[in-house]
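These notes open a run of structures that come right after.
In the two complexes below, chain A is the common chain; its partner is chain B in one and chain C in the other.
This part shows the complex of A and B:
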């Protein structure tokens, strides 16, 4: 593990450094955007993607916990909910900066901003629930149930609310407008950044679950 | 099936009887709603809003009053069982899904009573004119059911936690906010007579409520079993 792990960490370091260099220096600024504002997309999209991925992992781990009742699934759900919250905050902040430059205001309750706010509230509530229950097994069960319930609302937030209300945000899933699509160089940097951020969050995730496991073992030893 | 329904009705009837002895939940619901309505009516009244803003702003105010009143009173259904230590007996006496259905019915009755008192009063005091009254009733009924389903499962969760009061609002609001968005949109549509938007939002409300009902029916036994 150690040698492979160290190699992977160094590789990730070089990769992320490359992504940052490419996003700021290598790629020309995209047409149709004010100033250098288009560069933020290389950080905004990956953080939003990792946030969604973390929430998905949290929901699946919660389901697995309810099925198998093994503590490791609870650790996975808790750690990825925490990570998801962190990345959702980053996606919100980068999105707000871009909105200020392009559309004139940091915040105008665009449907995307509304949905990310509700997601932030959901996972803040999830962590609040975890801190309000003492018994580890009960905490794991209740948190898992809440996580699954919260995930029920996500499709409505992601797909239906932005359809009903007019949104300035570019469409996330399908991009029908050819003027709005990325050229291949931008796409390459974006995909590289997505891969880098995913790798980074996998690393953070493994640290988080290891910490939780050590805590769990310590508790077992004390009891 | 009929036996299951009879048992669920018995649980709901037990809760309603206990509720009408003390009226703790109903008092907090109705008094909260009336206080908020008095504040809203006093500060805004029927003439302050311009005509084109009225349907939307009045829908927003109406649903905010209903939602926060619901959050003030509906956590009692399970907290009461834990506080009076009657939960273990209920676990022995009835199957988990029966308890869930009974509590859901109980919460639904409370919400409907609240709406029956509040909504006519709101319409009169604020001068809220509805173009399609029957469809307005449909939006209210669907919204009341959605509220009851969500608050029932959340109340079951927080009854097991340490800090109950604040946690109920914290956990409920994120799950209810999408529903609130659709309900406000639907109410605006029935006030102005916009049939297409009404259909669209009612579909969204019903599908969301349906998904929430199915998931809570499956997840409730996990929360309830100690």
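This part shows the complex of A and C:
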């Protein structure tokens, strides 16, 4: 088990190093982008993707907790919501830098920016809720219900809102948007980066849940 | 004592109803608040600083270089057009802009912009030139 884990970690390390090399050095800068800014896409899109995935995992784990009432599902939900929030912040920051370079302002409350802000607030509130309740079972139940409700807004805020309104942001749902036309080299690096970021977050997730398990055991020992 | 299974089913349906209500509430209440962009008609009525968005009217751009004064026509989705005046350096590749956001106020027959956001066409496709130069403007 340990050897497999170690091999996977090294593989991930080499993979991510390869992605970074490809994103910055291998791929040429793209048409119509100012300077080298097109390279941000290899980090901006994967962080947004991982954030969405993490919020989905949190929702599923919350559902499992309400069904099975086992603490491990609560840990899973909490850790993935935290990870999702982290990646959503990274997507927002990389997006703001991209916006400054390509459109001329870091922030102008474009529907895409407004919706991600609401999403950040919703999941920040989830963590605040967790820290406000002391009783572990009560906290887990409340947080699980909240996490499921919170996820209801995710498809709405991530995919639907920016499609309804005029937005400077390229459409994330279809490839019809001419801004989304990737040549095969860009597509390969983007897919490799998506896979790498997903792997990285699985690792972070496993570290996070193991820490929670240890904390849980410690509390049991004290009692 | 009530049947715990029945009670649970009740809670599930309450939860389900709440989720649907939440969705409906979100969809309706945010409808007008989620976008900062107002229609040209609203911009002309409003005295406040607003954001308008649209496309560039072809061949409508004039730029007085020594005064740094840019004038262009902006067209909305429904076909409304408006003249925008902007004091400042003309953004690069302005004539190619596919989407423009102007932030400012409307007065005296034109929209006076303090800030422009300009989106030019871009593709994630390599540049045609073979030699690559790092860190240079392309």
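List of remarks:
To be clear about the criterion, the second predicted complex is superposed on the first by the 217 of 223 C-alpha atoms of A that agree within 3 Å, B and C clash if a C-alpha of one lies under 4 Å from a C-alpha of the other, contacts with A are read in each partner's own complex, and residues count from 1 in each chain.
The rule is short, and it goes like this: a residue touches a chain if its C-beta (ideal position, glycine included) is under 8 Å from a C-beta of that chain, and two chains touch if they have at least 3 such contacts.
Just so you know, these numbers come straight off a predicted model, no measurement behind them.
Once chain A is used to superpose the two complexes, chain B occupies space that clashes with chain C. Legend: residue contacts after superposition of the two complexes on their common chain; A:186 is shown touching chain C, with no touch to chain B.
In the superposition on chain A, contact of A:108 is made with chain C only, not with chain B.
Of the two partners, chain B and chain C, it is C that touches more residues of chain A. In the overlay built on the shared chain, the residue A:152 is in contact with chain B and with chain C. Shared-chain residue A:127: touches no atom of chain B or chain C. Once the two complexes are overlaid on the shared chain, A:38 sits against chain C while remaining clear of chain B. In the superposed model, A:28 makes contact with chain C only, not with chain B. Annotation: chain A residues 114, 118, 145, 148-149, 152-153, 156, 161 touch chain B in one complex and chain C in the other.
Listed in rising order, the residues of chain A touching chain C in the complex are 27-36, 38, 41, 102-105, 108-111, 114-115, 118, 145, 148-149, 152-153, 156, 161, 165-166, 168, 178-183, 185-187, 190.
By the touch criterion given at the top, residues 66, 114, 118, 121-122, 124-125, 128-129, 132-134, 138, 141-142, 144-146, 148-150, 152-153, 156-157, 160-161, 164 of chain A touch chain B in their complex. Per the touch definition, chain B reaches chain A in the complex via residues 153, 157-158, 160-163, 167, 170-171, 173-175, 177-178, 181, 185, 200-201, 204, 208, 211-212, 215-216, 219, 222-223. Taken together, the chain C residues at the contact with chain A in this complex read 15, 18-19, 22-23, 26-27, 30, 34-37, 51, 53-54, 77, 91-92, 99, 101, 103, 115-127, 132, 134-138.
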